[in-house]
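In the part that follows, the structures are each spelled out as structure tokens.
Two complexes, one shared chain (chain A), two partners (chain B, chain C).
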Partner chain A sequence: MMTRAAIIVCWVMAIGLALFLLVPLLVIAAASFSPTPVFDLPLTGASTRWYGRIGRLDGFWPSLLLSLQIALFSTAISLVCGTLAAIAIARGKLPGAGIFATALVSPLMMPGLVLGIALLQGFRAVGFTAPWATLLVAHLVITLPYVARTMIAGLSRFDFTLIEAARTLGCTYPGSVLRVMVPALAPSFLIAGIFSFLASFDNYPVSIFLADVRTKTLPIRMLQYIEEAPDPTLAALSTLILLGTVILLFVSDRVVGLHRMAGTSD
Partner chain B sequence: MTEAALPAPVTAPAVDRERLTAIGFVLPSFVIIAGVFALPLVLLLGVSVVDANGLTFAHYKRLLGTPYYLGVIWNSLRLGLLTTLIAFLISYPAAFALARARGALRAILLATLFLPLAASVIVKAFAWTILLRSDGIVNETLIALGVIEDPIRMIFTETALIVGAVNIFLPFMILPIYAIVAQLDPRYAEAASTLGASPVVTFFHVILPLTLPGIIAGVALVFSLSVSAYVVPTLLIGEKYPTLATTIAKAYLLAREPGFGAAAGVVLLGIAIAVVALSARLSREPK
Partner chain C sequence: MSESSPHLVVRGVSKRYGPTTVLDHIDLTIRRGELVTLLGPSGCGKTTLLRAIAGLAQPDAGKVELAGRDITNVPPHKRNVGVVFQSYALFPHLTVAGNVAFGLKVRGTAKREIDTAVERALSLVKLGHLASRRISALSGGQQQRVALARAIAVEPDVLLFDEALSALDRKLREEMQVELRRLLQDVNATAIFVTHDQDEALTMSDRVAVMNKGRIEQLAEPRELYLRPASLFALNFVGLSTRIHGTVLAASDGKVDVETKVGRLSALGNFQAGSPVIVAARPEQLRLGEQGEANSAAGRVRSVVFQGSRTLVEVDAGAGESLLAELSGRDGAIPRVHDEIRLSWPVTETFAFPMEALG
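Up next is the complex of A and B:
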């Protein structure tokens, strides 16, 4: 009796949670088709005119380009550095590997805003003030922990003796890495890349302290639009970003399976 | 001398070379973490206690000695505590249902967790501002249903803040719990009930301790995210609920008081480090 009640509670919570999580996404999508400028839900008639206005938002294109550049470059650099570090940590030949692994993922638990002001002070102290370059370097600290965490977890399940086995069977060393290690780690690599790209693309608390009037990332620009003059154009832009995220998740689910991202092995 | 000593010079450089390769592999990451993370945080600590006249604790006295700023610190902690508590109460039972789900249902439930996780925080907070406006959907639905006659003020209240924060940080609570619950061997609970334990006893003595690592991970993550949230309070409650995060931003972006902002940052950093240390300690303890 009690167990059955508990199971019902669990299901009610799970379905309630799923609906609650979807609410803001559905609202944004619905509001983007608002027939009037005041976020009416399209009950009386839908309008797609707000989508046409996205490109005319003040400073939209440079901000989109900047955010894409920073996210792509920082993710690429972090994927290389983080994967190398994860390999060294997983091989167990590194003194103090455990401490270093903790240090690598620790920025995830630190307040972004504090990192932002610390970097602002630090960069100023050494005279490093070019906004584009400071944003890129700062975003390395945002993306590296995601890569390190995912790759360390992925490599902990990888058996390094497989490389030796491949070499015994006649593969060259680069060949065995390419044909044994790369396919085994590809899912972790993809997940690490997606999450670090999204973390950089969405970052506000660090970027806000490094941006200047001419160099503003998309999240900074969006918060500015929301505070100044929110209208359904922003909902349309948000819907497009969501759509991009849905496609990214859908493709990665086809390739590696979403349950892997949840950290379960089956 | 000759034969016995021969292997040593051959293997020693091999070990050295492996260790050197390992150090070479971690070097780029080490440079990033040390130079762009650890060092700037140490510098921030310096900025918070040094001004033109030398060493000073004036910023900390202002933070920890005035009722207004103690209220600011409490606001941050309150936001963190309430968000974490509510997110936990929803996530814990839901994780068990998620772990039992199979096939298409599991795929749909996981997708509803990942999509909001991947969606921009600003987009989600913006959605809540639309929802909770006085002429927004929640009010109009309540009026249409006859629950209320006049729109109630929801945006820029603490309720709006907590609802938004729980909504945005929920996935960080349920995912670590789900990861543990999904690996839970049902035979433990079966064994307990076979041995005569009631469901309540089984829950508190078997299931809860086994899922504790997931709870600790989720609680630590959600608390450290919500206690330092900036976008959520800025959009959903604004000026009347100042937190450490909004105080830091104001000190740097508007008031140009880097010393004071740095001190507030160090306090927030201290809270974050305390949470990490506590969760590491708790998850290391034997069950």
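Up next is the complex of A and C:
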């Protein structure tokens, strides 16, 4: 009967954890429709007026634009560089490929604060202080590991005989890569891109060290809002970001399948 | 081009990887419509030879000619070969029909022609009903057929099979061997199989090339290969045999008398007196009892293995030598373990090989 009890405990833990993860999200969504500036349960009605105020937040649009720019550019650059690095590691007979792979993925294991301070000091030391550019380079450090990790995993599952098969069937070498390897790795590409984009878009601990008064990413700006005026506008903004993320994940699930993104199955 | 003219010619092909010689001056000529197997243990160079023909490995020396043109320096996509890989190497993002159409599409064939060719190739391998399936939804045997259909669809000058049946389970593999041979003969394909499986080699091919250490040890029809092995390696690699060590006593026109620890034996072979040799015979040549002029040896039965149509009897002949006989129940009684018996076999089916290290 021990096993039965153990199974029940596991189930309770699983359900409890899922609730623990999801309930705050539901609360913030509910709060965003609060009719009063102070959020109180149970709700006494619903209002969408906070959504209308998002755009009027001080400095919202420049911050949103900055965050999107940094996330898009760092993701794009990471996808190219990370994939090339992954090919070298997974395919090349590189001595010490394992060490390179670990080094490439290591920022994932590093506390963001340490990374932020290190980058700040490093950039100062070499006289690299342009805020936008430093943010972009710092975010490359954040996004590259996601791309490298996903692409190394994707490439290790890729059967390079497929390229040989395509060649013997009449395809040139570059043609084979384009017609066979790219489609086969498309899911890995998409997954790497999404994780990379999200990691950059919501990064706070690294960005905070590199931002200045005129260059603030959205997460930094949001923390500032909540210190100044904690009303449901921020809840409305959070709900929109959440909605955007859900749509992104839903669409990718349609394309490649969420289980592949979570890495739980082929 | 006539049926018997050379279709694929490999001339003096050599290949080294670092200090190891993988192919050592290989010569091989294959006629149009012929099915040839490269048989050998792993590392003998058979796959490298196949890859050299496909253009996936560049030989260091030598020439490859296919259908009358020198393809030594032609890239794989212009060679017009069809390859069936061990892993099948099917494209996972395409359907069954998409895979089969791939080679024709990249050749720029017209859509209508592609459709008929795909249909024909799939019906040849009896998979017409699965054309729109995803690759991942197929069984191993079905995937094997798709790989074959894909290779056939482009009407290649030669089909190359790299251990193509080895991933199938035994029963399916044996069915496929027979079916594949019939199919390839129907479309008059020229094909080369690479395998380490002697049954596959004997079943599927018109000729078998036994390879060892980057060389072809013997190229012969399956029957001849089995009955007249040219080397100890070929004897060992294909089929079972009794092998007895000895020293040549006397030699006369293709025949030798050999002194062994189980007695004096006669065998076919050309040696000088005093040479160390191994005398060998196939197990089905050994019979119970004494026969006139034949070789014979006695011993105690060590094991009896019943295998349906035949029974394998292993006899301890003393002095570290053993005899292996394949007896069919029709010949009379099957001995039991520990029985003392005498076995005999004809001199014309006994061969002497130079004593050499087995590869």
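Keep in mind that, in the parts below, the second predicted complex is superposed on the first by the 262 of 266 C-alpha atoms of A that agree within 3 Å, B and C clash if a C-alpha of one lies under 4 Å from a C-alpha of the other, contacts with A are read in each partner's own complex, and residues count from 1 in each chain.
Methods note: contacts are C-beta pairs under 8 Å (C-beta built on N, C-alpha and C of every residue); 3 or more make two chains touch, one makes a residue touch a chain.
Remember, it's a predicted structure, so these values are computed and weren't measured experimentally.
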Touching A:27 in the superposition: chain B (first), chain C (second), both, neither? first
If we overlay the two complexes on their shared chain A, which of chain B and chain C does A:166 touch? Say first, second, both or neither. second
Report for A:79: first if it touches chain B alone, second if chain C alone, otherwise both or neither. neither
Partner touching more residues of chain A, chain B vs chain C, is chain B
Examine A:152 and indicate which partner it touches, taking first as chain B and second as chain C; both and neither are also allowed. neither
Quick one: is A:211 in contact with chain B, with chain C, with both, or with neither? Answer first, second, both or neither. neither
Complex contacts: residues of chain C adjacent to chain A: 54-56, 75-83, 85, 87, 89-93, 102-103, 106-107, 150, 154
Which residues of chain A touch chain C once you look at their complex with the stated criterion? 159, 161-162, 164-173, 175, 179-180, 183-184, 186
Help me check something: in the complex, which residues belonging to chain B touch chain A? 18-19, 21-23, 25-26, 28-30, 32-33, 36-41, 43-44, 47, 90-91, 93-98, 100-101, 106-116, 118-124, 126-131, 133, 135-137, 167, 170-171, 174-176, 178-179, 182-183, 199-200, 220-221, 224, 227-228, 230-231, 234-235, 245, 248-249, 252-253, 258, 261-262, 265-266, 268-269, 272, 275-276
Okay, in this complex, where on chain A does chain B touch? 2-3, 6-7, 9-11, 13-18, 20-25, 27-28, 31, 38-39, 41, 80-82, 84-85, 87-89, 91, 93-95, 100, 103-104, 106-107, 109-115, 117-122, 125, 137-138, 140-141, 144, 148, 194, 198, 201-202, 204-205, 208-209, 219, 222-223, 226-227, 230, 234-235, 238, 241-242, 245-246, 248-249, 253, 258-259, 261-266
